[in-house]
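Chain IDs A, B and C follow the sequence of writing; residue 1 opens each chain.
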Amino acid sequence: MIPSLPQSPFAKWAYRAYVTLFFIYLGLPLAVVSVFAFNDSLFPSLPWEGFTLAWFFGNESPFIGVFHERAILRSIGTSAFVAAWVSVLSVFVGTCNAFLFVRHDFRGKALLYMLMLLPLIIPGVILGISILVFTSSVANTLEDATGLWFDGLRPGLILVILGQFSFITTFATLVISARLQKFDPSLEEAALNLGATKAGAIRQITVPFLLPAIVASAVVAMLMSFENFNTTLMLVGSDSPLTITMFDKLKQGSTPVLNAVSLLLMLASAALGLMSLLFQRKKA
Amino acid sequence: MASDTSKLGFYLLLAPILLWLALLILLPHVGLFLVSISEKIGPREYETGFGNYSAFFTEPLYWRTFARTAIMSILATALTLLLGFPIAYYIAKITRGRTKTTLFLMCMIPFWVSELVRTFGWMILLRETGVFSQFLQWAGLVSGPVEMLYNDAAIMVGLVYTSILFMVVPLVTTLDSLDDSLIEAGYDLGGTTTAVMREIVIPHAMPGIVSGCIVVFMLSLGNYLTPILLGGKDSLWFTGMIYTQFITRFNWELGSAFGFLLLALSSLVVFLGLKLSGRSLSETMGRS
Amino acid sequence: MTETTPDLAPSDLECRDLVKEFSEFRAVDGVSFDVPQGSFFSILGPSGCGKTTLLRMIAGFQSPTSGDLLIKGRSMIGVPPNKRPVSMVFQHLALFPTMNIGENVGFGLRQRGVARAEIKRRVGEVLERVGLPGVSERRVDQLSGGQKQRVAIARCMVLEPDVLLLDEPLGALDLKLREHMKVELKALQAAFNTTFVYITHDQSEALVMSDNIAVMNKGRFEQIGTPQEVYHAPRTAFVAGFVGDANRIPVQVVDATGGTLTLKTGGGAPLKLDAAAQGSADWRPGQRAEVFLRPEAVDLLPAGSEQAEAANMVPGVVDAVLFNGANSTVTVRASDGSLMTAALPQTGVLAALRKGDAVTTRWHPSQARCYPVAEG
């Protein structure tokens, strides 16, 4: 039960075995994805045909590596573009929300806070179709009224960005609010007392304090945007982000290129995560 | 003057959240509902009515898929709780210091990897030419290739894998806050392991159990990738049906009705979960 | 073992040469004692002395490295905590917050499979005995600190344990309530007539409540005795310093013949002690030692009062008066600069003593204790 209570060696052993099995279960799919990125075979499966880097660097058919596969490279660019916008937008709105909820008291605050949490409990697919339906009807109305085209409101990158932004903002708000709550307002008062302006005090005292949370939420926002599938699927136009491209390829049949992309994705996430961890440790 | 500027600052802060919530959350859902109650009677001609909803209830394929999705999600939630609780308990109560941090971070790994990649991993493991099948053949346990993909068990494996982190994390947090001396006191007063679990540990962990279950259920219900890829074309998952209505059939009215039904079910479950635990949405969701 | 004392029941708790080793150090180092039935036994020591480890071994949350532990004559080695006839009141009480008071107190009975009505009756009974009738339905956080204390005791006592262990349960209370609970705990112990083993770092808790005190330091028992013995005849310098206040005077042995121990202080002043009152008898001239003298053993003679010549009389000047009601003290500076603290009775002429007044200190050779200082 807990270390201070006697336990039979068998129970202790069985418990450890279960925990070990669990972590194998957790790691196995990721391990096979990584390993088969280096298999010199046309299919990501056994038998092992030997080690190759062709699925990364190859440029001869059928061994076209990630770095020579146009569609994938383009979709990585698209994903990065979307992720950057989503991250900037959601961190900006999240920071505003944090100040609003932590620093201000107003009527309907509790209600607004609950509404802010709503995107957490709306399935991503629903979020996607609701935005799709809404923007399409707005576009229809506007086009009927003006006779102009409103392509921005049709499925495409703008809608993908808005769709991801709509729920990632909630996470950013939560992370930044939590940090702002720990801020001692008397620090800001001290700065004002020492002659700083209100804006100067926020810029020099409060924002540096919030920076770790802002960076963390930006990283999380990027990751969530890169990984998002459900909402994106409903809003995507002709330029598809990486997950959608991979999904389409996966439906056609898997090649080790997908393993190679997956491995790169994992490495990028790990690097991002490590960076934000180091950044927070330095700040804290 | 000062109060004027602070008023202005307040409205400047209020503007983004109102725009966000109104334009991207509230109005779209109102719009979704309006579309779901309109029936097409001719090209660009609609009339208000609940025809889409009655279509759902009269066509067995629709409501059976809905029920199947709900039941599978409940099953996945129960399984996740059952498998995740001992892990969370181990991390929170048995390990200390560095081991604890390491194990906890290892549980977070799936979060850092795209769901697509995780599902792809399971496909490599489970399919006919996959690692498990070949291993079993090599070991001489089976004579020919075994297809382990495209069945409900595979969906279940994938759903549990995808959502277990959202069960383990809140459980570790609540179990961490359970003072060891309460467990010791339970033993000291003559309690057996089962009794201490049932009367002390589980009641204490209830908030974590509820919030974990809510999140896992919602994630399973709204999942699209895992059932489609691991369950195959005939996986009959409700999100897949919504996708078909919207993208393939271009029947947005029926699709919207489906979407609303799914939203209603997930909201109902959240509501029941919160009622059961007697906590507010802010308390349950605000900390994860 | 029981053959040697056929007319006596075995003691409730007995430890034989109990040792607990952790990887880096010995938390409990060869502790032996026994606690007779129905007595209040305290283990007193500074934090980190091993008393908590000892208590947890008795409760079963830690297993001894070697030695034996018997309750009512039965060895407890290998017996899990839920099978031991001991109950424990935890430091922070460990009342289950998810249960109400009645469920908390009834927990142990439920584990034994006692019938529901019977549980209800016994819970009501024990709550009445601790002076809290009718609180069964309340939540834990609706009770005051002192009430929680009594519930924690009731939760154990309802199981009628052979030994009740208490892990500094008064530590979290404020001073006033702590004073009150000391008296109440002692009264509860007497009423239940159960053996209490109480650990604390607070000497006054131990002195007020206990029948016997064990003073523990660095994993060992320095002394076991009644509160009076421990206070008036401390066996070691540690005990003398830890229990009660004392003036500590570094000295050198001058002469140890003829029933009197003659010493001199660093300033050269002579001191005389009764050799018979000392634990050790093996004194060598020139040996370094330390004298412990209780403030209340020091007599104060105001200037001008009649002063018969006696041993250990030192004239001095009042350095400071620390007024604290009945516990007031005065510090007297002797001509060689050394300081002596004496109790200051708030009656008679001494109550008017002020800083700068001339006063003579005097103490009887039988009142002080002297311990050799380890050389090196």
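The criterion applied here is as follows: contacts are C-beta pairs under 8 Å (C-beta built on N, C-alpha and C of every residue); 3 or more make two chains touch, one makes a residue touch a chain.
Given the structure is predicted, the values throughout are model-derived calculations rather than measurements.
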Chains linked by the largest number of contacting C-beta pairs: A-B
Centroid comparison with chain B (C-alpha atoms), farthest chain: C
Rounded Å distance, chain A centre to chain B centre (Cα mean): 17
Approximate Å spacing (C-alpha centroids) for the pair chain A, chain C: 61
Separation of chain B from chain C, taking each centre as the mean of its C-alpha atoms, in whole Å: 58
Per-residue multi-chain contacts in chain A, two or more chains: 4-5
Chain C: positions in contact with at least two other chains: 60-61, 80-81
Sequence positions of chain B contacting 2 or more other chains: 184, 187
Parts of chain C lying in touch with chain B, wherever the complex brings them together: 59-61, 80-83, 86-88, 90-92, 94, 96-99, 107-108, 110-112, 155-156, 159
Partner chain A, residues of chain C touching it in the complex: 56, 60-63, 78, 80-81
Touch list for chain B against partner chain C, complex: 179, 181-182, 184-192, 195, 199-200, 203-204, 206
Chain A contact footprint on chain B (complex, rising order): 5, 10, 12-14, 16-17, 20-21, 24-29, 31-32, 35, 83, 86-87, 90, 93-94, 103, 106-107, 109-110, 112-118, 120-125, 127, 129-131, 134, 161, 164, 180, 183-184, 187, 193, 196, 214, 218, 221-225, 229, 239, 242-243, 246-247, 252, 255-256, 259, 262-263, 266-267, 270, 281-282, 285-286
Contact footprint of chain B on chain A as seen in their complex: 1-5, 15, 18-19, 22-23, 25-33, 36, 43-47, 92-93, 96-97, 99-100, 104, 106, 110, 112-127, 129-135, 137, 162-163, 165-166, 169, 174, 198, 223, 226-227, 229-230, 233-234, 243, 246-247, 250, 254, 258-259, 262, 265-266, 269-270, 273
